[in-house]
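What follows is a short report on a single structure.
Which chain is which? They are A, B, C, D and E, in the order written, and residues in each are numbered from 1.
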Amino acid sequence: SQSTTSSSDGGAITLRMSWWGGTSAHKATLNALQRFEKRHPHIRVRGEYTGFTGHLERLTTQIAGETAPDVMQINWYWQTLFSRDGEGFTDLNQYKNEIDFSQFDARTLSMGTTKGKLNAVAISNAARLMYLNKTTYDKAGLSLPDTWDALFARGPQFKAKLGDAYYPLDGLFQDFIALARSYIVQKTGKALVNSETKSLNCTRADMHEYAGFYAKMIRDHVWPSAQVRASYGYLPQQEMRPWINGEFAGTYQWNSAIEKYTDTLAGKQEVALAPYPMRPGATDAGLLYRPSMMFAVNAKSQHPRESAMLINFLLNDPEGVRAMETKRGVPVSKAAQAILREDGLIGKLQQDSEDMLARLPINVLESPYFEHPRVRDGFQDILESFGYGKITLEQAGDALYDDINAILHRVIR
Amino acid sequence: MRSISTPTWCEAAMFNDKKIGALYVAPFVIGFLLFTAFPFVASFVLSLTDAQLQDQLGSANFTGLQNYTEMGRDATFQKSLGVTFFYVFITVPLKLAFALFIAVVLNFKLRAIGFFRTAYYLPSILGGSVAIAIVWRFVFAGDGLINQALEMIGITGVNWLGEPNTAMFSIILLRLWQFGSAMVVFLAGLKAIPEDLYEAADLDGASRMRQFWMITLPLLTPVLFFNFIMQIVQAFQEFNGPYIITGGGPLKSSYLLPLMIYEEGFKYFNLGYSSALSWVLFVIIAIFTAIAFWSQKHWVFYAQESDKNRGDKK
Amino acid sequence: MSVSAPADAGWRKHLPVINAFLRYGILIAIGFMMLYPLFWMIGGSFKNNQEIFSSIGFIPKEPTLNGFKKGWETSTEYTFATYLINTMKIVVPKVIVTVISSVIVAYGFARFAIPGRNLLFALLMATVLLPKSVLLIPQYLMFREFGWLDTYLPLIAPQAFAVEGFFVFMIIQFMRSLPMEMEEAAVMDGCNSFQVLTLVVAPVILPAIISVALFQFMWSMNDFLQPLIYLSSVEKYPVALALKMSIDVTEATSWNEILAMSTIALAPSLILFFLAQKYFVEGITSGAVKG
Amino acid sequence: MTSSSVRLSAVTKSFNGTDVIKGVSLDVKKGELVVFVGPSGCGKSTLLRLIAGLETPTSGEIVIADKDVTYAHPSKRGVAMVFQSYALYPHMTVEDNIAFALKIQGRPKAEIRAKVHEVAEILQLDHLLQRRPKALSGGQRQRVAIGRAIVREPDVFLFDEPLSNLDASLRGQMRVEIARLHRKLGATSVYVTHDQVEAMTLADKIVVLRAGLVEQVGSPMTLYRHPANLFVAGFIGSPRMNILPATYAGATSDSVRIQTAQGSLIIPRKDVSKPTSDKIQLGLRPESLSLAAPGAEAHLTGYVTLIERLGGETFAYVALKEFECEPIIIKLDGETAVHNHQEVALTIDLKRAHIFDADGLALGHALDFNPDVV
Amino acid sequence: MTSSSVRLSAVTKSFNGTDVIKGVSLDVKKGELVVFVGPSGCGKSTLLRLIAGLETPTSGEIVIADKDVTYAHPSKRGVAMVFQSYALYPHMTVEDNIAFALKIQGRPKAEIRAKVHEVAEILQLDHLLQRRPKALSGGQRQRVAIGRAIVREPDVFLFDEPLSNLDASLRGQMRVEIARLHRKLGATSVYVTHDQVEAMTLADKIVVLRAGLVEQVGSPMTLYRHPANLFVAGFIGSPRMNILPATYAGATSDSVRIQTAQGSLIIPRKDVSKPTSDKIQLGLRPESLSLAAPGAEAHLTGYVTLIERLGGETFAYVALKEFECEPIIIKLDGETAVHNHQEVALTIDLKRAHIFDADGLALGHALDFNPDVV
C-alpha cells in the first residue's frame, strides 16, 4: 500500500491523497472524498492528512523515496522545490477533459505552470491585506488609515491616545517583509525577484528604502520593535496576548487565513478590512497575489486520469464544492465561487477581501522564489540585526541588496 | 564504565565459550550493521555531495569536502557553533549542580520523600508534550510568570525571549527543569555513600558544607562523571528547546547546531550540507566524550577496585 | 546548612525538626514550580481557547468539558481511542522487543569474553553519541526497500536488535553489580547460560528492566517524527501524530482540545510511572553508580 | 592526653515511638575501659552513639568531663569514635585520613604533620601514609581508624565492634594492640563488642545490656564468677554455661541443697533466701565439670554424644541420664582419651556451681563473693 | 544418597599467566570431610572451584566417582556447592530456591515437593518455606544454602567458608549442625575455612595450602601434634605455637639435645637426622607450658607481661629472660593466680615440644608418631 502504484485489483482503484489542515478542513475534505467515492464507485480515495507541522518534511521524504501520494495539496512555492523543471508533477494539460480549466483565469493557471507544464491547480488565491482591530481604533477615536502616510501617522497617535503598549499594526517578520515588498513594488512596478537573472529586480537604492521603511515604522511606533515582539516568544501572532487583547491592533495577513486571527480575539472585538494604501502614482498595488493552496498530481501516479477527476470534483463540481465549503479559502474556480456565494457560505470579511482584490491593480507576477525559506530568512536576519541595532541603516540597506542577491543566486538552480 | 575493557571475571569457565557469547551479542551486531552502520555510512557519503532532500539520491553530485570547507565561510554555522558551545558549557554545569542540589535535599529521610522524588521526575516525562511549549512561552513572556513574580518583589522584568542575551537562558532553564534523570542518578550515588563517613566527619567537627566538599563530592565523582557524559551528549543534541520556544532567534542567539542541521535539511533541503553538519556535530561530541574519559583518571575516584582481584574480598 | 552550635546549645534538640521544616519548604516550593506546567496543562484542558492564551493561572474560570468531548471526537474519521490503541500497538511490542534484545545483548557484553568485544562496545557507545537526524533519510530509503512503509515495522523492528545503546549500557552496568556467585550457583544447579539469564539474572535485575521499559515507553509515546514519516494512513496514526493533526497555519487551533488530549495521552505514562516508580529510581541508578 | 569521666543518667532513646534504650544510668571513670556486651539489637550501638552525640537522647542526661553535653554537637564533646566499618575516607590517603580532624580545626600544617607522624609511629603505619584505604589490609585499616581517633587527643574513645571485620588471628593481634594502647594512653574508653574474648580481656568493667536495659555491671571476672542472673550467666563465657533443671530442697547459711534428676547435691552458697518457687536451675560452666577419677564419687553420669578436639583442649558433649535437657558440654584437656558413646561419670566443682530461681535471678552468692570489688 | 571419591592429579591453574594452583594432587575418600585451610589468597577457593567446574584447570586431571570430569560441565559432576555469600536467588522463595535444581532437571512436581519438604524438615526450615531470602536471618539463609545443596543429593559437597558471615555464637551452632548433617548424610565433602575451630572439629582430614601448594595433609590431631613444618605448626592451633630460637646439640635414637638461651634441654624425639645447620627452632604450644610447681625444676623463666583472663582459662604472656623473641603465651587454668610483672618459672611438657630445622622442616618425630594413621 505504500508504493506509488495504487492497487487496482478487481477493477477498483485506490487513490492516495494528502493534505494538511485543521479540524474543519479535515472534516470537509473527508466529506468531499466520500461523495466522490459515491459518484465513482470504482475509485477509493485514501486521505493521508496531518497538521501543518511536519507535513512538508513528510512529503519531502516521500517524494525523495518515490512514495508520494497521487494527489497532493501543495504550497505555491513548493513547485520550486519539487518541480524546478516542470517534471516533478504530472502535466495537467493532458487532462483537459477531466478538469474544467475554463473556470480558472489565466493568471492563476500561469502561477501553476513551470516551463510550459501545468503542475498544479490553485484551490484558492490569497493575498496579504491589512486587517485592523476596529474596536481598538474606535477606542482611540481614530479612523482606519487609507494611505501610507495615514498609517505612519497612526503610530504616534496610538502612543498618545492609548499608551506605549498599543500599536496600529503588527506581524511577524515574514509579514513585514511582504508589507515592505508591497511598498517597494508599488514604486518600481516590477516583481521583486527575477528568477531568470537569479537576482533582485530592483536597485540598491530601493533596498535602502526597504530598510528605511522598517526603520520608520519602528521609530514611529507603527510596528512593534523586534525586541517587543520577540519578548512574546516564538509564537504565532494570533496566540500573542497583545493581539488577543487588541493592543496590537492590526495584522498584514493572508485573506485566506484571517478567520484564524479573529477567532482568538478576546470578548467582542471587531476586525475590519482597511483600505489598501497606495503610493502616489503607483500603478500596481504590489500585492503578492498567488494561490494559497494548490492540488498537484504525482508525476509517477498510476492513475493520473482519476486523480484529475478528483481534483475537478473538489474544485469545480457543485457537490464537491459544497462539501469543501470555504475551508481552504474562497475558491478560485468561478463556478465554485458562484455556488458558495449563492449558498451564503462566504463571510463578510472574506467577501470584502475578495471585492478589494478584484478592485486593486494587481498585475505584477512575483517569482515563487520570493517565498523560498532561505530568501525569507535572509530578509528576516537582516531586519532583525538592524532591529537589534547590530548594524546601521546603511549597512542594512546594503545587506538587503547584496545578501539577498547572493541567496537568490544560491537557491535558484 | 571503566573496567569494561578488562573483564577478568568473565574468564570463569562457564563464560569462556566465545561462540555462545557471540550468539548473545549477535542481535546487536546484526542490528548495528543493518540499521545503523548502513545509514551511518550513507549519511557520510551524502555529506560529500550536493544532495537535495527532495531529489532522488542518484542525482546528487560528488563535491568532495566542499560541504566541510563551506562551513569555514558560513557565518551562520560559526554563530551556531559558538551558541552551541555556550549552551553546552552553561547548561551542563548548571544542570549538574541543580540536580545534585535537589538530590542532596531529597536524600534526607523524610516522610513522603518518595512522593517528591516522583514529582521531581515528572518534568522529564513530559518531554516533547505540546503543552510544555505553550506553558514555557507563558512563563518567559514579557508579561509572563517570571516577570510578574519579579515585579511583585519590585524588580523590573527582563525581556527574556526578546533579547539575544537572555533568550538562550529560557532554553537553558527548560533543560534545567528536566533535571530528573540526572537527579535520580545522583540520588543513588548519594545513597551509596556510607552514612558513617558523615558521622565520622561530624565527630571530626566538619560542618555540613565542608562535609559536602570534602566527602560527598569526591565520592560522587563516578556518578558525576556518568552524568557529565550523559548531559554533554544530550546537550550537544538539544533540539526541542530552540525549536519550540525561540525558533533559534532572536538574531540566531539560540540557533543550536541540531536545529541548524534540521533546518538545513528539512527547511532548505540541503541534505548534503545537513549531513556534513551532522558529522561535524558527531565528531565534536565524540571528542568531548573522549576527553572526558581520558581526564577521568585525574578527578574521578573509584571506591572499589575494578573486579580484578576477585580473590581478595576481605 | 552548616551547624556550629555552642557546646550545649539546647536548640540542637530541635534540630531535626527545624531541618525537616526547611527541607519541606524547599521541596514544596521547587516542587510546585516543577509541576506547574503539568497543572497548567490539566487546567488548560478545562478552559476555553481565549482563556488559555490570556491567563497564566491554572484554575479555569469557567470550566468546560468541551475540550475533552471535541478532542475525543477529533477532526478525523476516527475517535481518539483509535489513536490510543494504535499507540499501544506500537509501544507495547516496541517495549517488549527492546527489553528482550537489550537484556540479551547486555548479558553477552557483561559476562562473556567475546572476540572484538572492546570494538563492539565502542560501537555501542557510538550509537549513543550519534545525532539521530543523520540516519533519517537513509533509513527511510532502506525501509522502503523492505516494503515496510506505512506499517509499524520501521518503528518496532530495529528495536529487536538492541539499537538503543543507552539501554544496553544501562543493563550492562547493572549486571556487573551482581555477584557472580549467584550465577555460578545456577550453573551448578544445572542451568545453561540462557537459563541462567532468564531464570536468575533477569528477575534479579528487574528494576533495571523496568526502567528500560519505562524509558522506552515514555520516549515512544512522545515520538513524533518517526511515525510522521513512516506512517501515511490516518487509521494507523499514534497519539503523538494525532495530537498535532489539527494544528494548521491557516486555521484556528482548538488548544483546549489539544491540551485535553495531551492530558489523556500523558495518562498512561503517568500511571505507569507511578506504579513503577519504586523500581524506577533504583533502576536507572544502581547500575550506573558502580564505577 | 587528658581523660575524663562519662556519666549517663536515666538516658532513654526511642526511634519512631519504639523504646530502644529504656533508661540507662552508668558511670565510666577516668581512664577506665568499659565494654558493652549484649545480644544483637539490644541497643549497644545506640548507647554508644548517644555518647558520641550522633543521636540525641529522648530523655536523660549525658555528662562528659563534668559538662552536660546531652545536646552538644559531636565534635564539641571531646570524643573520638572508631567505627565497625572503620569509616575511613576512601578517597584520602592514610595521612589525610588521620589529619582530617586537625585540618578541620585549622591547625598549622607543620603541627599536623608532626602529630600525624607521631601517631603513625605509635601504630606502625609510617610506611603506609601515602596509601589509600583500599590498598590496605583489614588490620591496617583498623589501625588507621584508631590513628584517626588518637590524633585528636580525645577525652573519651568510643569503639563500636572495631575488630569484627577481621579474621580470627588478626583479631587476636589487634586485641592485644588495643590493650597495649589503652594502657599507654590511659584514655577513658567505651567499647562495644560481640566477642567474648575481647570483652573479657580488654574490659576494666563490662556492662551487659539486654533490650535497652543494663542487666549487670562489673569486672569481667565478677561477671564470670558471679553472674547476677541467668541471662548474664548464659551470655558471658564460651562455650555457654550448662543449665540443668533442679528443685530447691533447703538452704543453710553457707550451702544450698538441691534435687536433680540424678539425685541431690549440696552447693556451697551464702546469702540464700528461700525462692518463691521450688523450681530452680543449676548452672555449670564447662570447665567446672571434669571426668570423675576412676572409683571416685561422681555427681553426674551420662553418655558422650560428640567430641570436638581443638588440639589444646577438647569439648565433650554429654547427654545426661534421666535429665530432660540438651547435652551438656564439658571442657577437657586436649589429650583426654574419651570416645563417642562412652559412658562417663562427671565431677562438679561445686563451689563454682550457680543456682538461679524461677525468675532467672541468682540464688545467693558463691562463698568467695565480695560485694566491694564489683 | 550416594557418595563418591574425588581425586586431583597434578592440577594447576593460572590466571593471566600467574600460577595460582601450582600442582595439587589429592585424594578425598568416599564419605570423608576434607577441610582446606591456608592463608588468604593461597588458592583454597580456586581449588574448590576447580572441583566444582566453575574453573577449568590449566593442566592436571580431576576425577570424581572414578569419572574424569576435568572438563565436564559443573552440573554434570554430581557436586553441590555452598557459597560463602550463600548466593541465594533473591527473587525466589525459600521453597523455590531449594527446588530450583530439581525444576531445572525437569523432575515431576510432586517429587519436587516431597523432596523439598524432606530437606526443609532436616534443616528445620519448614515454617520459612514461603519467605524470601531477605526476610531471613543469617543462620537461616545459611541453612537454605545448605538445603539447596542437599536436595540435589550430590555425590560431593563443596563448602566455601560457609559460616564466615555469621556471628560467633551462630557460627558455633551451625558448625555443630553441619557436623551432625555430615554424619547423617555421609556425603563426601570439601570444606574451605579460615576458622581453626571449624577445621579442627569438622575435618576428617585437613589439607594445609600455601601459595598454591599442599603443605601437609592429615587428620586434625595429626597436624596438631605432628606438624610437618613450621608453617603448618604456626597455622594450626590457636593461640599459635610459640617459637623459640635454639641450637642443635646432638641427638640419640629417641631424643635430641638442644641449647637455648636459658640452658640445654633434652627433647624426646625419634628419627632425627643431623640438620644441615645447627640453628634450629623450638616450638612449644601454649598448653604444653605450665607454671613450675614451687621448688620443682623449671625449664624456662621469665616475667609476665600481660594476662588475659577468659574465665574458663587464662593466657599469660611471658617475656623469657635472655631470649631474643616475642613474649611466649602460656595457657593456664581459669583460676590460676598470676599477676602482671610476676617472675614465673615454666615447665615444658617435653614430649609435646617440636623442633624445626633452619628450613622450617620438622626435625624427627614425636615418640608417639605413627606414620600409618596420618
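Following the convention adopted for this analysis, a contact is a pair of C-beta atoms (placed from the backbone, for glycine too) under 8 Å apart; a residue touches a chain by one contact, two chains touch by 3 or more.
Quick caveat: nothing in here was measured; it's all calculated off a predicted structure.
Novice: Minimal path length between chain A and chain D through chains that touch?
Specialist: So the least number of steps between the two chains is 2.
Novice: Looking at C-alpha means, what's the farthest chain from chain E?
Specialist: Looking at centroid distances, A is the chain farthest away.
Novice: Going by C-alpha centroids, which chain is farthest from chain D? Tell me that one.
Specialist: Most distant chain from chain D: A.
Novice: Consider the two chain pairs B-C and C-E; indicate the one with the greater count of contacting C-beta pairs.
Specialist: Pair with more contacting C-beta pairs, C-E versus B-C: B-C.
Novice: So how far apart, in whole Å, are chain B and chain D when each is placed at the average of its C-alpha atoms?
Specialist: Distance between chain centres, rounded to whole Å: 55 Å.
Novice: Between chain A and chain B, what distance separates the C-alpha centroids? Give it in angstrom.
Specialist: Here the centre of chain B sits 39 Å away from the centre of chain A.
Novice: Go ahead and note the Å separation of the Cα centroids belonging to chain A and chain E.
Specialist: Once rounded, the distance between the two centres reads 93 Å.
Novice: Tell me, which residues of chain A touch at least two other chains?
Specialist: 57, 61, 64, 66, 241, in rising order.
Novice: Two or more other chains touching the same residue: where does that happen in chain C?
Specialist: 3-4, 137, 141, 184, 187, 224, 244
Novice: Where in chain E do residues touch two or more other chains at once?
Specialist: 40, 53-54, 74, in rising order.
Novice: Per the contact definition, I'd like the list of chain A residues that touch chain C in the complex.
Specialist: Touch residues, chain A against chain C: 1-3, 16, 18, 20-27, 30, 46-54, 57-58, 61-62, 64-67, 69, 238-241, 244-245, 254, 256-257, 259-260, 263-266, 292, 327-329.
Novice: If we count contacts the way the header does, which residues on chain B are in touch with chain D in the complex?
Specialist: Touching chain D: residues 194, 196-197, 199-206, 210, 214-215, 218-219, 301, 303-305, 314 of chain B.
Novice: What residues on chain C touch chain E, complex-wise?
Specialist: So the residues of chain C touching chain E come out as 179, 181-182, 184-191, 195, 199-200, 203-204, 206.
Novice: Give every residue of chain D touching chain E within the complex, in rising order.
Specialist: Those residues of chain D that touch chain E are 40, 167-169, 172, 176, 179, 194-197, 200-201, 220-221, 224-225, 236-239, 285-287, 306, 308-313, 331, 333-334.
Novice: Considering only the defined contacts, which chain E positions touch chain C in the complex?
Specialist: My answer: residues 52-54, 73-75, 79-81, 83-85, 87-92, 100-101, 104-105, 148, 152.
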